[in-house]
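Pasting the structures here.
In the two complexes below, subunit A is the common chain; its partner is subunit B in one and subunit C in the other.
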Partner chain A sequence: MIEVENLKKYFSTGILRKRHIKAVNGVSFQIERGETLGLVGESGCGKTTIGRSLLRLIEPTAGKIIFDGIDLLHLKKKELRRLRPRMQMIFQDPDASLNPRMKIGDSIAEPLKLQGGLNKVEIKEKVSELIETVGLNPEHVNRYPYQLSGGQNQRVVLARVLAVNPDFIIADEPTSSLDVSVQAQILNLMNHLKREFDLTLLFISHDLEVVRHMSDRIAVMYRGKIVEIGSVNEIFEDAKHPYTNTLISPASSLEDQLIFEDMKDAWDSGCVFYPRCPFNTVICSKKEPEMVEIGKGHWVLCDRVT
Partner chain B sequence: MIEDTIAFLKGYKNSVIGLVGLGILIFFVVVAIFAPYIAPYDPHEMYKPVRHPNSDHLLGTNHIGQDILSELIYGTRVSLFIAFISSIIASYIGTSLGLIAGYFEKFGFFFMRIVDGFLAIPRLPLIIVIAAFMRPSIWNLIFIFVFFGWPFTARIIRSEVLSLRNRPYVDAVRMLGAGNFYILCRHILPNVIPLVVVQLIMEASHVVLAEASLSFLGLGDPTTKSWGMILHYAFEYPTIFISDLWKWWMLPAGLCITFTILSLTFIGYALEDLVNPRLRREIL
Partner chain C sequence: MSLLTITHLKVHFPTQDGMVKAIDTIDLEIANSERLGLIGETGCGKTVLGMSIIRLLQPSTKIEGEIWYKGKDLLKLSEGEMRKIRGKEIAMILQNPTTSLNPVLKVGDQIAEAIQLHQGLDKRAAREKAVEMLESVKIPSPDKRANEYPHEFSGGMKERAMIAMGLACNPSLIIADEPTKGLDVTIKMQIVKLLKEVSRRKSMLFITHDLGVATQICDNIAVMYAGELVEYAKTEDVFKNPLHPYTQGFLNSLPNMGLKPIRGMSPSLIDLPSGCRFHPRCDHASAKCTIEHPPMVEIEKGHSVRCFLYT
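Now for the complex of A and B:
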């Protein structure tokens, strides 16, 4: 369904002395039709940048993105615009994902109007149908986003996304700004909708439990690189990369992170995880490791695994 | 939109300063609109010159015998007309350019350097210089005020658009297949309108003052009756300050200018309070 090859996104700062921040530094993965890929990593590791690059909401520096056989990075603006409704994104903050000056009903009707082909009555019917699908009350149509809770707004966002009949959805921490009880509701709703509408999902989160609940496969990211990718079982039961182990072990301490946060910019060659790795060797600091497949579909970015 | 407006009016109602300002402004607007019915004489008609106030001429007559009260009433028309026309045009241009400059980053960056240039020039002295070289007429005045008024609006609108453009909902709408023009008109413009209104009011009060200054200096249209023009002729009259003449010839025109600017400023303050992001939740 979607195939990403060596995707890179550098942000540069400074005018005279340019410095590059390698937000995403050579990432490759595939997502099959109907599959959910979970993308985990601590904040600032480039998860969101990947999501936004895939949709070309920001232009990637280099790489290749194939969506359903179409090379996204070589599309013209017009073609991209026509293709876009097939891919959708759900953002972290549901309240900010809706225009504060538009009623809920109008927000949901907007994609239908943009696509054209429906008259007013049909749009109205479709809107109430969608509202029911995501579990909202019909009377919510005339409310404004600020009159609804975060969870309700996220349902509205889902309804709007479904209105365009997408094939592929990127959910960027869709529940992290919601209460725990509401989180579960939204996640279950998403799982339900995914089955009903046969969706392909890229689920981005820093919360391992959430990702475990949602995904078929998981990719673990660290500082702009995917360090391990595999099925949910492989990641949780049989993790090979030391970073994955730190992530899933309950004892992973904040102290570790704080110490090595200072060293962030200290080195530029070798393994990204070198400064924090408990098994690091001299070679790790010099030679950049390559992805190795250690089981079917289970890839690890570490030279020491084999 | 309708609910918005109602909530907005409710918010405005609580502002004493805003109501006072609005009251004064409405008074002047009514005077301007119904000037021919209110004014006792044609302001160009000449009677006995330099009369003190009496039952025929409540504020006396000027050096060529024109009724000062009628001049004032017709002057309201000219002053407000110039103020509103030029601030509306300036806001229109400033808003359009501000929207584009905020939305398209590269263009905006270079465009803002031009705006910086405009803003760096002291406005009134330059307006005086240019007005001195142009033939004095209302439309020339309006042109000058528009020419120097739009950069302020453009700058403020641009900075607001810069923050709006990166909201998730704009990205979401883009993913729905919306084009730039659609996003600008449907999703960004409505969110900057309150700012535009505040800016328009402030601009109008600038123009009232600038127009009066220019006319006072003799750079206005000598044949039209504006408050600044009344002050100009009064000031030129030799014995204006040694006699009592200034009390009914100069003072009323000066007070008119002061109160108009005061009312516009009050309204501007009240509106600014309402569109302030910290208070916005209550009015939305």
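Now for the complex of A and C:
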């Protein structure tokens, strides 16, 4: 369904001394139809940048993105626009993703109107149908986002996304601003909708437990690179990359994180993880490791495992 | 010996839509060198409880009850007397370090400010102490870092700076309000470890919605729902033997416990449900639960619960 090859996105900063921040630095992965790929990593590792690049909400620096056989990066704006309904994104903060001055019903109707083809009555019907699908009450149609809770607003966002019948949804930390009991409601709803509408999902989160629950396969990201990708079992039972292990059992975490932060800009070669890696060698600081397939579909970016 | 005793505390905020009963009614004790976790979801009143202890709520707030600290009722102290306690005796580590630190002051100066005020040190000595504090929270090259502004710190480091500030005057009670919110897992664990270390031989009220973090630090846990406590127990008992249906539901909704949600939503604090406040969401609710408000009852030593299932 989605094929990403060597995707790169650099941001440049600084006025006098231009520097490049390599937010995404050569990432490749595929997502099969009907599959959920979980993307985990700490803040600032480039997860969100990947999500946005996939929809071309930001323009990638280099790489290839194939969506259902179509090369997205070579599409013109107009063609892209026609394709957009098939790919939708759910953002982190539901309260910020809804127009505060629009009633819930109008917010959900908006994409339907833009898409065209439906008259007023049909739109109204479709809206109430969507409202029910995501577990809201009919009376919510006339409310404003500030009158609803965070969890309810995230349901509205889901309804809005489903309105255009997408095939592929990118969910960027959809529950990170919600309480645990509400988070459970939303995640279960997403799983249910995924089955009902036969969706393909890229689920971005920093919470490994949540990703475990939602995904078929997991990609672990660190500083702009995917360091390990594999099935949920492979990642949780048989993680090979030292960073994945740190994420899984943070209790055994690394003390040197702070020292690492102090020297953040000091190195530019070798493995992305070597300053924090408990097993690093001299070679790691010089030679960039290559992605190696160690089991079917289980890839690791570490020279130590081969 | 208890260091802090809260009795019949009620905190109400008058608003346009009606009275918000943020706390209605809480009785709670924190013993010397006890680390108590206060668990609850957004809007249940946990931050308000912390704020009422150090009296940082706006003047229009209606507060009833007593908060006894070392033989004094904090609610009856004058603002001047309170100022001597706030920061020195009782320190609060606020949530969200990015907005709690002053962006235009150097981190070292912000820490030194409290030291100067409470310990009467001169500027130079206070600064030295500030650097020392930064070192104690394990910030590398503290001397250099003290001269930097908050935006030059990462999220985890800012949280460390907040902790350093809270500890600067060697308080007897620390109130930590969601100190690990918004931090990455690996950094979260470091902050937890640090808090555990620095709170040794001190009392701490640890406010959080993250049970995992609370278990690592706290001796006892109080579970709060809609402005009151619903369960109080030793940390391990809360996990092994949660009694209140809300505590059980809360645990079950965690991703590693099966992600089973509690139905419905937390009630509005303006219009609380009659009887047991949890009854509209409870699977065990009976007719009695809808009318009568259950009292907090000690089921076994050190384990209390507010639920008719056990009485």
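FYI, the second predicted complex is superposed on the first by the 298 of 306 C-alpha atoms of A that agree within 3 Å, B and C clash if a C-alpha of one lies under 4 Å from a C-alpha of the other, contacts with A are read in each partner's own complex, and residues count from 1 in each chain.
Definition applied: a contact is a pair of C-beta atoms (placed from the backbone, for glycine too) under 8 Å apart; a residue touches a chain by one contact, two chains touch by 3 or more.
The shown structure was predicted, so the numbers you read here are calculated from the model rather than taken from an experiment.
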Simultaneous placement of subunit C and subunit B on subunit A, clash or fit: fit
Contacts of A:Leu57 with subunit B and subunit C, given as first, second, both or neither: first
First, second, both or neither for A:Glu129, with subunit B first and subunit C second: neither
Touching partner for A:Met87 - first (subunit B), second (subunit C), both, neither: first
Contacts of A:Tyr144 with subunit B and subunit C, given as first, second, both or neither: first
Which of subunit B and subunit C A:Glu196 touches, first, second, both or neither: neither
Partner chain(s) touched by A:Glu209 [first = subunit B, second = subunit C, both, neither]: second
Spatial angle subunit C-subunit A-subunit B, Cα centroids [nearest 10 degrees]: 80
Subunit B versus subunit C as contact partner of A:Asp238, first or second or both or neither: neither
Minimal inter-chain CA distance - subunit C and subunit B, angstrom: 10
Subunit B contact footprint on subunit A (complex, rising order): 52, 55, 57, 81-82, 84-85, 87-89, 91-93, 96-101, 110-111, 114-115, 144, 146, 157, 160, 164
Complex contacts: residues of subunit C adjacent to subunit A: 41-42, 138-141, 154-157, 184-190, 209, 249-250, 253-256, 259-262, 265-266
Residue ranges of subunit A in contact with subunit C within the complex: 42-43, 149-152, 179-185, 187-188, 206-210, 212-213, 246-247, 250-251, 253-255, 257-259, 261-262
Subunit A contact footprint on subunit B (complex, rising order): 1, 3-4, 167-169, 171-179, 182, 187, 190-191, 281, 284
